[in-house]
Each structure stands twice: as C-alpha cells, then as structure tokens.
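Both of the next two complexes hold chain A, though its partner changes from chain B to chain C.
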Partner chain A sequence: MPEATLRSLSDPGRAGPASRLSRLAPVHWLALAFLAAALGFAAVAWATGNGFYLRLATEALIFAGLAMSVDLLLGYTGLLSLGQALYFGLGAYVSALVLRDVAPSFWLAMAAALLAGGVAGLIGGVIANRVKGVYFALITFGLAQVAAKSVYNTRALGASDGLIGIPQVSIGFGPFSLDTADPLSFFLLVLGLTVAAYAGLAYLMDAPFGRTLAAIRANEKRVPFLGFNAWRYKLAVYVLAACVAALAGALYPMLRGFVSPELMFFETSGNAVITVIVGGVGTLVGPVVGSLLLTALRSVVGSWTEHHLIVVGVIFMLSVIFLRKGLVGALLARLGRRSEQGRATP
Partner chain B sequence: MTKTTLLGTAALVLLGLGGVASAAEPIRIGVVTPLSGTYAPIGQQVRWGLELATKEVNAAGGILGRQVELLFEDEEANPAVATQKAEKLFQVNKVDFLTGTVNSGSTLAVGQLAERNGRLIATTVSFSDAITTDKCSPNVFRVNARAGQQSAALAEWLAKDKPKAKVYYLGPDYEMGRSTVAAFKEAAEKTGAQSTGEVFAPLGSKDYSQYFGQLRAARPSVLYTSTAGNDTVRLLTQMSEYGLLRNLTIVGASGTVTAQNIGAIGKAADGFVTGVGYSAELATPENKAFVAAFRKAYDTAPDLYGADSYGLIGFFKAAVEKAGSTDTDTLRKAMEGLSWSTPQGTKTMRAGDHQAIQDMYAVRIAADGGGNRFDVVGTVPGDAAIGPDQCTRF
Partner chain C sequence: MTAASLKTVAGGACALGVRDLSVNFGGLQAVAGVGFDAAAGRITSVIGPNGAGKSTLFNLISGAIRPTAGRVTLDGADVTGQAPDRLLAAGLARSFQITNLFFELPVLENLRIAAQVLERPWHALRPVGHSRRALAKAEALLDRFGLSAKARELAGNLSHGEQRRLEIAVALAAEPRVLLLDEPTQGMSHGDTADTGALIRSLAGELTVLLIEHDIGLVMSLSDHVVVMAQGRKIAEGAPAAVRADPAVQAAYFGHG
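After this line comes the complex of A and B, so read on.
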C-alpha cells in the first residue's frame, strides 16, 4: 500500500502499465520532443550563421540547470529555496578562478565547481534543514545574501566589478575537442549536459530515493513511520540540488567570459523560481522549457519596451492563476486525457 | 527574415559598387543603459544627452553624410544582462559603436565582449578606476572623469582653499566606500592635508550620533565623507541637529549629494563641496547653450551624466570624420589623442589608457531656501587631476 502510494505520488504523468513504447511517461516524450526542437533550432541557427541566438539559447540552458535544481527542491521535495543562486554563483566563481588562474581546463573547472557545490551544499543544507516551511525559505535567502555581500566586498574576487578575462577554452574528449568560443559546439555541449542532467535526475526521482522525497512532500510526519529518516533525505536532495546549480554556474563564465556578484543576487534566485513555476513544477522538463521561453521573451520584449518586467510579471501571475501546474503541467494534463480516451476506445 | 536579409545584402552589394551604400546607410550606435530599476534616473540622463546630441548632429547633416541612429537596450544595472543585450546589438543589429553602460562591472564585461567582437565601446558614466588602469582594454574608451580625477580635483581645491587642513574621514563600510576614502586620503595627504582619523559606518546606518564623539575629539576642520543616497541624508541632518556643521567644512565624493537626495537633506547640504567633471552652472557660452537646449527639450537641467553623454556624440563624430570610416582599427587610431569640445570644455582622449583628460571643478552646494545650486568654486586643470597612465595592456 505505501509502495503504491509512493509510486503514484512520484510522477503525476505516469500512465500505468501499457505497451512497451508508451511505458515511457508522457513527460519524457515531451523532453524528447523538446530535444528534437532544440536540435532543429541549432541546425537553422547554424545554417543562417546566427551566433547570437545560439549563445542566447546556451545561456537559457545554463539557467535551466539552475531552475532544475530549484525544481528538485520545490517540485519533488516541497522545499522552497530562495537562495539557489548562491550555489550557481559559487560554481561560476570557482570555475572562473580555475580557468583564469589554475589551468584553462574544462574538466578541472567542472570538477572543482562540483566539489565546491557539494561542500557548500552540505554546510548550507545542515543549516537550512534545521527549520521548515517559510523559515527554510528565509534561511536559504539569508545564506545567499550573506555570500553575495561577501563576494561584493572582497577585493580579491573583484568586489562589485566582478572578474573579467576568463579565457575561452578548448574541451578535450579523448581524440575530439571542441571550443567554447564556437557558438554551435558550445550550444550542443550544453544541450548534451542538460539532457544528461535531465535523464539522470528523472531516473533518480523515479527510483526509491525520489519516491521518498515525494513522500516527504506529501506528509513529512508520516515518513519516519515508514522507516525513513526524512532529515537525511532532505539534506541529500539539498546537496544534490547545490551540485546541479554549481555545475550549471560553472558553465556561465565559459560562455560569457566574466562573473559578477549579481549572479548570486536574489534576482537570479527569484528568476529561477519564476522559471520553474511558469514551466511546470515537479516535471524537470518544465524548468528547461520555462527558461528558454522566458529568456527569449525577455530578449525580445526588452528590446521593445523598458517595461519588460511588467510583461514577465503578468505572465507569471497568469500562469499561477490559469496554469496551476505550469506550461508543461497543462500540456501533460491534455496528453493524459487524450491517451485515456485512446485507451477507452481501442 | 533570411530572405529579406539576402535581398538587402544583394541590394547593398549592388549599391556598394556605385559607392552610394555607405551614404544611405545610417551609422548605428547601440546604447545599453539602465532604463528600469534603481539606476533608471541615470539612464534617463544618458538617454537624453545622447538623443539631444544626435538630433543636433543629424540636423546638421549627420556624420560623413550619414545619419546617426541610436538603438536602446535596458542594462538593468546587471553585467549578465548588459553583455547579453550588447551581444545582440553587435551581432544582430550590427551597431558600429556602443555606449551607455553605467554599472562599472557592466562596462568591464561589455568591454571584453567588444574585444571579442572587434568593436569599440565608450562609457560616459562608470567611474571605477579599474576600467582605465589595471583592467584597461584597447577597445574601451572613457569620456567621463574617473574616481581618481574627482578626488584629485577635490584635494587640489582643498590645498588651495584650506591649506594644511585637518581632515577626518567618515565612509560607508563596504568595498567601494572604503576605497573611495582611501583614494581621497592619499590625494589629500600628498597636497599637505593632515589626517586626524577615520571611521566606517555600516551601509544604511540609522544613527550616526555614535560617531560624533570621535569626530569632535579629533577636532578636524574638514570632514570627508563618501556616503550616498539616504545615508547622506541622515548623516548631514543629524550633524546639523547636533550643531556639528559650524566651523566644519564638509567635502565628499561626487555621488554623496546628488539631485536625488538634495531635497531631503535640505539646508544641511549648504556648503558641501565635491570634485566633479560638470555643473550646470558652468558659465561658458557652450554650456549655457547646451543647458538651454536641454531644458527646452526635456524640461529639466542636465546633470553630470547627461553632459558627459552629450559630449560623447561629439567625440564619436570628430573621430569618425578624422578616420573617414567606422572601421574598428582606424577609428581607434583616430580616437587616441583626439581633442574635442564639449559643454564641459575641451577634452582630450589620452592614447595610453583611453581615459579622457578634462578640466575638473570643485562645486559647492548653495541650499539657500527654495532652489539648490551647484556653484563652481574652483577649477583644476585637466593635467593636474589626471594622474599617471597606469595601463600596461596596450
């Protein structure tokens, strides 16, 4: 009984046993469709020589990584983090320092960011998980503010000016290599990493680990009765989210060549939460779709009027009121209804 | 879109053969400046200054017979946004030049982007010394005075007006506040001032009276402060309530008392002196004409940012006409060492670090009753305020 409850909780889009092909949950179909669209976009952008849009899409995917880490906490575990930019910014600064001062090595930068994200996540997680609900949100917010202000006032880290001069690097994969300066290669690399992160996290969320998180979200008090230590799981997912955010952040200086304390500010954390809610909470693909959509929208509307923040705000409110499960959630609900109808009349 | 671009390119090539294309095509200048948020008032002045100058240039036949077109994007005072917008202007809108960045971090990041895109940029607002010293870039020019020039000008005036002054320093406790105090202290000590002590109050302090004991015990004749915004309002009004403003000259950074907070400070701002690159009260015919045109167009007086941005278009026009094209390398050559006239007087772009040399002014606030004026009480020649060239990259 609890096993079944957990299973149904873990994935709202789960359709139950059917033929081999439709075993793949609708949400994964959406992810595949998104991947195809992204590859199509890359081909078109490459053919027309549009480096700007490729790089804009790369940035959107990088921020999608941050949004995914928020979704792990908010969508799967029910923890609202208002300070996820702390780990994103940490990854960005660590990667920038490694690339600039140690060695221009992609793998070293990613490894260092992962390590830093894990350690910081462990410390932050122990502090934040002492409390629940709105206090958890406030503590995460406070931690990020403390970190951002410290960086803002540390001359060795460039203080308010940030760090520039992060070199563009060549990434080696055995005999192959690609250059972050080339918009298409770097876009494909980041797309690959995003897909890998999605697949890995989606698998994990479907595994017993994810089901336990879903149980915590549903009713944390009953989790110990099932024999699980909720605190440990919450800490683990917090560290996992920190690592995902740090890895996403590590890619930022490779794309833009600089880091600045604004990457850790509340604006970055808040945007990630908005992205998740507009895209679809608890779907993992929703944050990616949301990030691409909002980045494109900001870029287009921002050139049009200086009141772009109002436009984004209105979209956020509309999606909260009318699309309670976000864009992806609404799409899934439609797909779900259609597939049920299909099954009813074979 | 691709089709029209293709057609457009074909048309350009055809016209280009006849040598008419460049005359018809406008010169595009991208402007990435804060249009929303806290810094929007600065962005507004930048926009007005640039638009007024562009209107005048276009009415007089443009540059090399080409009209000038400005394309605005919102910087949001965030380098991450500024680089994205600047890249769009460079690669999609194909602008010939870019300006407007306010946040010093944005100027540095966009400068690096300009290098990677082979274009030139100029800032008219950012005053962080790093932009034209240790983080200088061959593709970045600064037409406004940097922080070092402002404190050098103020120190010069202090040495002349109050020789061997005993100075006390009160700054906000964060990196910029501390470095501003340190820079002025160094400049003032060089010109003979005596330091009697310093104290740093947290940003956003509500109560400054706890520092007044130390301040009085040090018996200074001059107080230097680098607070900004509402902190200055509280500091100066509380000092006035405690009667500390008598027999004490208050001097400070250029951002300490501005058009935004002077109303709230009221009479306590009277007598405050700062070193700055511009005042609307400058009594030159060029400036009077500029202020009149600005007032007529926008119904308000220009400030430092408006004047520097207005002057930038003159700089760009003079450089393009000297170079004969907007090609990056020839334009850079033309800009280096260029002298051009602005409402603030003649400016010269130093070739070694791309920092404009200009006359600096000591400005005293006269807050007598209704209208506040920024009276010019001293002029420091450009060469005395500029300081050595510390750029080693080019």
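After this line comes the complex of A and C, so read on.
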C-alpha cells in the first residue's frame, strides 16, 4: 500500500492540472483501465442481449464493495475482520425491509442501510477494538455469528428462508430514471457506485487520515507518542468500513429480489477476505478485480463441477504463496519497475 | 532552520517537575520516590547503572506506564498518568532507546506524520498537500538531521546511525517544549555520537531536554544538570562536576563497573 499511495508527497499542490494527470499513481491507471474494460463488457453484453452475464457482473461488483470494506481494515489499517458480512447482511436486510414494507425507494433504502451500518459499526467497533490482533479477528467473527444466528432464528425476518418478494425499484435522478429490472441500467448504476466508492476511499486513504492508519498498521505503539489517539482512528475506519459494507449489501436485494441469512454467514465474510488477498491488499482496486475473477471462476467452474470451492481454495493458496501482494500488487510492482527503468534512461 | 526562527525559552524555570514518582511491578519497586526539576531550556540528564530504573522513569513521565504514586508537572500543570497523545498535545515528546519508527514508510512520511499534529484537525481529511506546515516542518527536519538525500527511502532501509537520527527528528516534529531522549546515541559510532551530541546541545535554549545516556563523557560535556539513579532511587543530583565527585555516585556507579 505505501508504494500505491505515497507518491504524491513531494511538491504538494504545486503541480498544474496537466502534470497532475501525468502524476496519477499507477494504481489509479489500473482503476481507469478496469473501468474501460467494464464499459466495454457492458456494451458487448448489451449488443448481444446477454442479461445473465450483466447480472453476474453486477453481483461481482456488489461483493467487491464488501471486499473493499475488508481492504480498508486489512490492507490499510492491518485489522483482520472475519465478520464483515455482518454489516453487508445488515444493509441487505434493512434495504429489503424498506423496499418491501416502507416504500420502493432506492434512496430511502440506501440511506436506511447507511444509517444502520454506521450505528452497528459504532457498536461493533467499540467492542472489537478493545482487543488486538488475533483476538480482534475472533471478536469480529463472533459478532457476525451472533447476528447471523439471531436473524436465522427470527421468524419476523423470515428465519432460514430469508425475505422474498422484494419489489424492483425505479431510481430517479432528477429528470432521469432507471429500473433495477433492466440488467444494463442496474449494472451501470452499480459500476458508477463502485467507481465513486473507489475514488472517495482512495482519496481518504491518501489524505493524512488514511496515512495515519498506515502508521498504525506499520507501528501502532509509536502512534500515541506522535499525538494521535490510535483507538479513535481504528474506530473511525471500522465504522467507515461498516458503512461501505452496508451500502454494498443494500444493493443485493435490488439485484436478486430476496435476502437470506447466508449473506451474514462466515462463508460470506471469509470469501471477502479471500477476494482481497487474491486481488491485492491495500490497493482498493484489488478487491474489485478479485471479486470479478472469483465470481467468474465460481460461475464457470461451477458449471462443470459442484466442487468449485476446491478450485477457489487452491487459487487462494497459490496466490498467498506466490503473489504475496495479490494480482494487483504484482502488476503494480511490474509497472513500478518499468517506470523506474524509464526514468533511468530518459 | 535559521537562528531567528528558533524559539528561545526563559532558562531556569521548572519546565518538567517530577515529584516522588514510584511504580511497582508485582512487588518490585522499579522506581521509588524519584523527584527532580528539569529547568526550562536546559539539558538535564538521568544516569545510572543498568537496571537503575531510568527507562521506567521515562515511561512514567511520557505516559507509557501509569505511576502508582507521585506527580509529573509540565510548566506547573499536573499531567500525571495522562495518555501519551494528550501529553504530546501538552508539549511533551519522547524518543525511544530501541528505534521505534514506521519502517515500511518513507523517511519523509515518518516526519510528516509526526508533524501532522501541527495542523488543524480537519486537514486530516484534505489532500496531504494542504498540510503545508507539517510538510515544511518535515523538510526542515530532513535538512537539519542530514537526511534530505534519504527522504524517499523507506525508514527500514536506513543505516543504524541514520535511524537513530530520524528517531530524534520524529520526536522533534511536533515542536514539543519538553523532549525526552532515551539513549539517543545507542549503538552509534564514535563520530556519529559526537555529531549527535552537538545536535542535542543545539536544541537547548529552543526547548527543555531530559536525556538518558550511557556515554558518561557525553553526559558530562552536554548536561547542565545530572540526576543519578541506582536501584530505582535517586542517589544524587547536581552539576556534572559535583555529581562526578560525589562519593555515593562513585560507589554506586563508577565504583562497580
């Protein structure tokens, strides 16, 4: 992460707009390349009238949001959350209930999920940040298990069946509107939200706030002696991550028309961690790339064999052993080497 | 940094007061009733044989450990047992005996983070380029500590001597009024030790320095005031020459090497 985010330290604010573009960090170029590829994909899928792959890609982007929230904690702050699905599932349930029982309003559902994620994140963060390291991971795991089992056993929330019959919604943007039932429109909306989340979070992680998180990750013990309350910073990023996960979760029932307790289960949390590690920790692009890759893999391999989890497991192990910084990390390292060579021979 | 920009403090007044400071670790009295004044703008050193409780004393003053009894005052205000981040806000910073940096971050970023407290809180959410004061401070410290050429190196890749210098620079970045230096020349070569001594000397007048140091020659040449500890207690204090001549110090410290 340091190599991805610490490039803009020199000559602060002195560069004009043109040179600022040329100084764009390689990780942002990767994000732009990804965006172009996603738009290309959307055009092809639209031209061929293929709704299935658009919906699959939309689901991948939704889970990319969950993975990004794990990356905020793991990649930037060094906190391993094994229960991030708690906030994802919470957002999904709140969104489903609002859409079904209150009003079929996209904005209301998102706002309610954000609020719920923030409050739950504050409570969970106060509990989990009492401890460090392995114990932090175990507490986050425990919190999610408690929440998942509670939902699983609550008849009013559909118990093990979850909530079904979530209406499709029409989303208004002033004079324009789009419908979640239309695969292309909804894909483009979720893509737009993903890009906005990436841009906002990448900005925040490169601002002094995010750099203090990097300092906590590098050497938490020194941080208080530099005047920072490390606990407050860790709580703030935990709440932020919970909000991101809840917003991603809120999109799920709009895509699928139902929610189920599995969204909160450990498999969902664990998959998000695997996604981040395969894609590249501390890059924010990595989780998106990882999510698309693993979703595609599950779909393709899943059509040959029902043992597709074996394949995912093997890929996870290979990437931990051979690509310590994930796919995006390895790519950035290559780009960095090349740009250094370019500088050496001008 | 130019001489004109150096803040000078009125020398002599008590900047850091330590009164009957004590701490027990499971029955072991690591620091027992230690008290002294560190005069503003002067260099006060704490010396003593290994295990005398010097580092524990620093941990008590800097908020790393809570004392079981006693008081610490900063410019007369009671700051006993306050958390390190609040003590820093009150004007007290420290360095560490075992280099305690952000090894995976660049040298300049180590200093920028340490100087960030000079900025208004909302600058934490603005692009880092807006934190001009912190960046200027970081650059000035790079210059002063001869680390400008290493600004972009990761702190973990510096030589031991460079890391020791960065350790002091990081502690200075928040512009503290009182600076605690825990064996700043630990493991340094002879030449580096002399340079660091000159640097510490240059700090006096700008701020109040409390120093733990093993190099007795350095202590005697640098200090305005020396506090001698042995087995958790203060056994003597005074001007360097007077302390050196003290029979109790001779016996406890210089006697049994």
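The rule we apply is simple: the second predicted complex is superposed on the first by the 324 of 346 C-alpha atoms of A that agree within 3 Å, B and C clash if a C-alpha of one lies under 4 Å from a C-alpha of the other, contacts with A are read in each partner's own complex, and residues count from 1 in each chain.
Basically, a contact is a pair of C-beta atoms (placed from the backbone, for glycine too) under 8 Å apart; a residue touches a chain by one contact, two chains touch by 3 or more.
All figures in this text were calculated on a predicted structure; none of them were measured in a lab.
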Taking the superposition as given, does A:Pro224 touch the first partner, chain B, the second, chain C, both, or neither? second
In the overlaid three-chain picture, which partner chain does A:His308 touch, first (chain B) or second (chain C), both, or neither? first
Just chain B (first), just chain C (second), both, or neither: which does A:Ala207 touch? second
Of the partners chain B and chain C, which touch A:Ile164 in the superposed model: first, second, both, neither? first
Contacts of A:Leu56 with chain B and chain C, given as first, second, both or neither: first
Just to be sure I read the superposition right, which of the two partners does A:Tyr152 touch: chain B = first, chain C = second, or both, or neither? first
Report the residues of chain B in contact with chain A in the complex, numbered from low to high. 2, 35-36, 40, 72-74, 78-80, 83-85, 87-88, 91-92, 104-105, 108-109, 111-113, 116, 128, 130, 135, 174-176, 179
Flag every residue of chain C that touches chain A in the complex, lowest number first. 62-64, 83-85, 88-89, 93-94, 96, 100-106, 108-109, 112-114, 116-117, 119, 123-132, 134-135, 154, 170-171, 173-174
Under the stated contact criterion, what part of chain A meets chain C in this complex? 2, 6, 8-10, 12-14, 203-204, 206-209, 211-212, 214-215, 218-219, 221-222, 224-229
Interface residues, chain A side, partner chain B - complex: 48, 51-52, 55-56, 59, 152-155, 159-162, 164-165, 181, 256-258, 260-263, 267-268, 299, 302-303, 306-309
